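After this come two complexes, each holding chain A, first together with chain B and then together with chain C.
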Partner chain A sequence: MNAILQTLVSTVVQGSMLALIAIGMTLVYGTLRVLNMAQGVMVMVGGFAAYTTVVRTGLPTWICLIVAAVVTFLLGVLTYYSAVKPLLGRVGVDFEMTAFITTFAIATIVQSVVLLIYGPRQKPFDPLWPGRIDITSDVSITYHSLIMAAVAIGALVGLGLFLSRSRYGLAITAVAQNLDAARLMGIPARRVYVVTMGIAAALAGIAGVLLAPLYFVYPNAGDLPLLQALIVVIFAGLGSVRGTIYASYIIGFLSAAVAIYWKSAYALPVLYVVILLVLVVRPNGIAGKPQEARL
Partner chain B sequence: MVQVATAGQPLLRARGVVKRYGGLAAVDGVDFDVLDGETFGIAGPNGAGKTTLFDVVTGIVGATAGEIEFAGKPIQNASVHGICHAGIARTFQLPSVFDSQTVLANVLVGAQYGQGGSWFGSTRAKPEVLARAKDELVFVGLGARAGALAGPMPVFDKKRLMIASALATQPRMLFLDEPFGGLSPSEVDELMVLLTKVKARGITIVLIEHVMRALMALSDRVLIMNQGKTLFQGSPHDVLRDAEVVRVYLGKRGDKDKDDA
Partner chain C sequence: MLEVRDVRVGYGDSVVIDSMSLDVAEGEFVVVIGPNGHGKSTLLRAISGLLPLKKGSINYRGQRIDNLATEQIVARGLVQIPQGDMLFPDMSVQENLLLGAFVHPDRAARAARLAEVYELFPKLSERSSQQARTLSGGERRMLALGRGLMTRADLLMIDEPSLGLAPVLVDEVYERIAQIAKSGITVLLVEENFAHVREVADRVILIENGGVVLAGTVDEVLENEAVTATYLGIGGE
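Up next is the complex of A and B:
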């Protein structure tokens, strides 16, 4: 009973974090057809932005969430201008493959710069809200886990409302589903691209702050989140927002269940086996569809 | 939109338009004028370069050579959205809508972003834009389906939705790529009535069409293309008498309607 409860709690927390990181990759892939390999360093930079804010200024920790979001939004915009925009519309360039490599290059550069400034040592980061709450005599949740789930779900709901209710979201969806029709109806696609990459990075930055107390702040802190997000988006079917949400919680559940009932070291290998099986059965992922049905 | 009184003047001028894909010239030196307020029909065998010509004019693909002027301004190097903001709208041969959005949201895209202006101003929700989108839906006869999802709709509804979205951008000129293709005879009649109403609003229409009955009835002038070149340009009345058009495109019984879209 306690193990089941623990698995459920862990699924919600981990799934929400995965969704927050992976949804950005889905947005960028849906609108730009770029598998954004810089999403992992956005998680790491978010953590460093928050760490620096707290250490240098002593501002309350919730402000560091906003700082991290702003810093990573700007870094996402910078990634667009440096790694993606120069490739758009170039004749004879395999855009998807080249952008995959250039965003990977950005990730490596950002990681090296952070390493140069802060060094390789893992830096501790306090939970946003210390303490824990007991559910039963054996199972307790840290307040920080509750904040993780709440902030992540809040950000996802906000994103959903932005995409479905705002005119800007309408433009993003239109570009993702039918680029030519969207442009012919007067949407400047590049304005949509740059904001999409900024939002995607900011979501990862927020995730980075939330993950920092669990995994520390260090230059490679984005590697594991990138790997997990890649598994989620491939499992979901590239470009599907709804599929990404489902896939995040399924993957979150699987890794929680394996870790609790078996061994935490087996969680990642088991995920690879699952993703392999899914791709053999459904090459487009669980919700993958042709281009016009994306987002 | 304020219509400048220029009826009868060329609204669109195309000179020596060429589009080459490697060694293949899909459009090979086409000249034509479209006069303000007229309906200009384009026909020709498959692979004649009609859709490529549309793609070049609307900026989807760049011209290899040639000049295109719209309302006196060159547009051959303008961006796709810039061409839309200048006053050109277009529909596609295959029904092309935003599948996961409602019918109203589809039209709203055109109404919201079709006029240009500053980008951040254009992303604000405005009640008059929503009202205009609804008006265009009523205009094409989809007023009752505003809340339905666009993806699962039948072909005729999608074609009308594309026209509503294009009209919502408030164009001076509307390009229609085979609007009658795949429609039943009664739907063809209905769409002809709709396009006549569009024309009555003072919007210049350019349409590609294989359904000769519709092309002949709607067009003031026609351009027949073959292998990227102009085969014939003139009144729809004369086209049926042109021996070369009959031989290349219409076939022996050129006086009979050809409804093989």
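Up next is the complex of A and C:
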């Protein structure tokens, strides 16, 4: 009974975090057809932005969430201008593959710069809200994981409203569904690209702050999140927002269940076996749309 | 209002349109006629800024637009309704329409325009929350027209609105387009079948192999028996 409860809590927390990171990759792939390999370093930079804010200024911790979001938004925009925009509309360039490599290059550069500035040591980061609450005599949840789930779900709901209600949000979806039609309606595709890459990075940055107390702040802190987000978006079927949400919680559940009922070291290998099986059966992922219009 | 001068356009190294010139005056209903694959859609794509010119110039209201981005051209009131509708398939009818008004952020004006479009196309109003992909062929065409109208275009370019529609629907679509033209919007329409536009067009421009063969009023074009026999398939009457 307790194990079930623990698995459930873990699924919600991990699934929400995965969704927060992976949804950005989905948005960018949906609009730009770029598998953004820099999404992981956004998580890492978010953690460093928060760490620096708290250590240097002593401002309240919730402000570091905003600082991290702003810093990573700008870094996302910078990634667009340096790694993606120069490739747009180039004849004879395999855009998807080249952008995959250039965003990976950005990730490596950012990681190296952070390493130069901060060094390789893992830096501890306090939970946004210390303490824990007992659910039963054996199962307790840290307040921080409650905050993780609440902030992540809040951000995802906010994103959903933005995409479905606001002028620019609808424009993002329109560009993803039919680029030429969107342009013919006067939607500035390139500005949509910038905004999308900024938002995607900011969501990862927020995730980075939330993950920092669990995994520390260090230059490679984005590697595992990137790997997990890749599993999620491929499992979901690249570019599908709804599929990404489902996939996040399924993957979250799997890794929680394996960790709790078996051994946490097996969580990642088991995920890879599952993803392999899923892709053999459904090569386009669970959302199952073929190459064209997505999101 | 629109002046296309000595334009050359193509994809990659191939040239589809060469030294083409044409004019559209304010309030006119001009139809470009020609067989498939002879550059009609390419012409509209070039005017909309989706394809760069290799040569020549395009002016709209006296200003050069061939160096502008598509969204800037749309914002000036020169709007294209593309061939095959190109709807946003997984969005509702209303969302499709609202995206047509993207260049006009003013909510009140947008709502007013939406009401006008729903009045012109009552079917769209009934289906406003339905996903675009679930519409019938005729309804999709109406939605494409409605979405184009939402932009508040002064000059509307329409690419083969009859394509793939049953004859009875073609008549209905052209009725609506005539209504749109009567409301004061200048129309530049591309069509393969002369019979569809005979009643509505002020002027006809025949193109073949990427160049203009003949241009004039409907009557003038019909007088030229050699041309009508060859290009319009309606023999000397």
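Quick note on the criterion: the second predicted complex is superposed on the first by the 290 of 295 C-alpha atoms of A that agree within 3 Å, B and C clash if a C-alpha of one lies under 4 Å from a C-alpha of the other, contacts with A are read in each partner's own complex, and residues count from 1 in each chain.
The rule is simple: contacts are C-beta pairs under 8 Å (C-beta built on N, C-alpha and C of every residue); 3 or more make two chains touch, one makes a residue touch a chain.
What you see is a predicted model, and the numbers here were worked out from it, not measured in a lab.
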Discussion item. After the superposition on A, what does A:131 contact: first (chain B), second (chain C), both or neither?
Written reply: neither
Worksheet item: In the superposed arrangement, does A:177 touch chain B (first), chain C (second), both or neither?
Response: both
Discussion item. After the superposition on A, what does A:120 contact: first (chain B), second (chain C), both or neither?
Written reply: neither
Fill in: First, second, both or neither for A:185, with chain B first and chain C second
both
Worksheet item: For A:166, is the partner it touches chain B (first), chain C (second), both, or none of the two (neither)?
Response: first
Worksheet entry | Contact residues of chain A, present in both the chain B and the chain C interface | 167, 170-171, 173-174, 177-178, 180-189, 293, 295
Worksheet, complete the sentence: In the complex, the residues of chain B that touch chain A are 58, 60, 79-81, 83-85, 89-90, 92, 96-101, 105, 108-110, 112-116, 119, 122-125, 151, 165-166, 168-169
Response to the item:
Residue positions on chain A within touch of chain B in the complex are 166-168, 170-171, 173-174, 177-178, 180-189, 191, 292-293, 295
Worksheet item: Once bound in the complex, which stretches of chain C touch chain A?
Response: 12, 48, 50, 69-71, 74-75, 79-82, 86-91, 95, 98-100, 102-103, 105, 147, 151
Worksheet item: In their complex, what parts of chain A are in touch with chain C?
Response: 91, 167, 170-171, 173-174, 177-178, 180-189, 293, 295
